[in-house]
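To keep things simple, chains are lettered A, B and C as they appear, and every chain counts its residues starting from 1.
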Amino acid sequence: MVREEEAFRVELGAFSGPLDVLLDLARRQKVDLAGISVVALAEQYLAWLESLRGRRLALAAEYLVMAAWLVWLRSQLLLPAPERAPEADREAEGLRERLAALEAVRRAARWLEERPQLHRERLPRGAGERLPVRHEGPVVADLPSLVGAWFRLAVRAERGRVVRLPPRRLWSPETALEHIYRRLTGREWHELAAFLPPFSCGLERRAALASGLVACLELARRGEVELRQPRPFGPLFVRRLA
Amino acid sequence: MTEREDAETAEAERLVEALLFASPEPLDEKAIAAVVGTGVALAAVLERLAARYAGRGVRLERSRAGWAFRTAPDLAAKLARVDRRPRRLSRAALETLAVIAYKQPVTRAEIEAVRGVAPTRAVMDQLLELGLIAPRGRKEVPGRPVLWGTTPRFLDFFGLSSLDDLPRLEEFEEGLFAGTAARGGGDGDGAGA
Amino acid sequence: MTEREDAETAEAERLVEALLFASPEPLDEKAIAAVVGTGVALAAVLERLAARYAGRGVRLERSRAGWAFRTAPDLAAKLARVDRRPRRLSRAALETLAVIAYKQPVTRAEIEAVRGVAPTRAVMDQLLELGLIAPRGRKEVPGRPVLWGTTPRFLDFFGLSSLDDLPRLEEFEEGLFAGTAARGGGDGDGAGA
């Protein structure tokens, strides 16, 4: 594949690939393509290539592969018939056919080019109007989307209310530690909840409980208190060690 | 008018017709003259062209922006493309319906208070047309606004046997935030919803 | 035809006229029938409409892509500045398009075999973007290359009513082989032709 086609054309003029060059040279022989002399064509191609190299133009590999093949083909065709490689005549004929096919495609392309093209000779409606759409299909909705809509609204409403509340009161573990340590007296078990500040908001209470637990764990680590929880997720009890 | 003048006018009419057809915008007479040339009685050409299209499916219209072809207004309704594909309730309609379902009976103002925006006329009309909501009397406050509620068809539409089947946000909040203690009971509630 | 039928046909003609005027893209008879309804002899209506516009600045064209109004080609020179989108196809693009049109469905490798060079990415992109070609499945050979073909828009673009409007490729080859016997190669290699 000649990927460099576009870049290459700048250097080689209007040719898209070696076959294109050969077709152009063949047409300069001014005979029909079936009667074209492949030997002459090969020589013209090689001469053309030489002239490019003289101008130090970079050549794509494709052009050199074609050159190598033509050198071989020419040498074969110049031999007397009995000594030629049997495929040489076939190859020469194949080349003529390919050139004829390319020429036909080129003429077809020119024919297309000359058609009255859209946006060139035939203009479409410039200000197309968007026609209205009338929906007659059934309307569908499912329960999850209805419930989802409600939950989104409810949560948004809740958030809206939080903005109006005073900032959350949080009980830091340091405060909790000091508070519990000062109030924890005697040798009896006390429920941790008894030490919590009188927060009414659920979230603030839960946060304070967490801070209280952290404080108690720290006190236990220091050997100041011991902790007890009779059942999982049940109330926590704390008492001072002797 | 000589025969030649006649042919010229006819040719100018074709050109103006094509020009106005292909132009993305309306064209004023100056812009048309720039294409057609000044040797033509443009006003007469436009008049002839407008007359030719009178009563057709397309009309030549003149506005302040200029001349343009437009489909005849009486065809607008018939030209609508019919779309028979199922379509989902819009988000606005779903939200409005959800507020009515959960808070019924409610007034439009109460719906607006929850959603932040009032339901549009089109949304209310659609829900009414679908038979999902119905008026439930009036609220005895100044202005006596209509109270809205859901219909039996609403239950049908969403496959509910009663309004109690609608899951409440609180059930989920308990399950989500109250920790594992609440989980046992919360799960059972959820399954029934 | 009764008077009433006559009026109905006239009304259908107006409706089809408006519909086709409003659409920059061709509409096929199915799309037209979706708006006009099936109770109308659509083919006859379209025929009458096309006849009405014959010789005007705007013509009703028919192709496999459907029906569309287009400006008359003879006015092109004077309308050149109205449409700002004319884009010339490069020779490489036109040749590639010609190979696809004649040999479809065809792979890139097959296009390369004819032209001696593979179509570049830029050329394929341009043809795709203009909606002139489209993939037509894959060829069941190793690598399963994409097969390419032309679209209905290709017909509209070049003002063809169907692919049958393309001259046969052999017609373009005419003259290429003329006088073979007389010219029989100067160096002997042409003798076998």
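Assorted remarks:
Rule of thumb we're sticking to: a contact is a pair of C-beta atoms (placed from the backbone, for glycine too) under 8 Å apart; a residue touches a chain by one contact, two chains touch by 3 or more.
It should be emphasised that the depicted structure is a prediction, and the values quoted were computed from it without experimental measurement.
Among the chains present, the centre nearest to the common Cα mean is that of A. The interface with the largest number of contacting C-beta pairs joins chains A-C.
Seen from the Cα centre of chain C, the chain whose own Cα centre is farthest off is B. In whole angstrom, the spacing between the mean C-alpha positions of chain A and chain C is 33. Chain A and chain B have Cα centroids separated by 35 Å.
Counting partner chains per residue, chain B shows two or more touched chains at residues 18, 21-23, 69, 71, 79-82.
Chain contacts: chain A has residues 123-126, 129, 131 touching two or more partner chains. Across the complex, chain A meets chain C through its residues 1-3, 5-6, 14, 16-20, 31-40, 62, 77-78, 81, 89, 92-93, 96, 98, 100-113, 115-126, 128-131. Residues 13-19, 21-23, 35-36, 55-58, 69, 71-72, 75, 78-82 of chain B are the ones touching chain C in the complex. Only residues 18, 21-25, 68-71, 76, 79-89, 91, 94-95, 97-99, 101-102, 114-116, 126, 130, 157-160, 166-167, 169, 172, 179-181 of chain B touch chain A when the two sit together in their complex. Interface residues of chain A, counted against chain B in their complex, comprise 123-127, 129, 131-143, 145-147, 149-157, 233.
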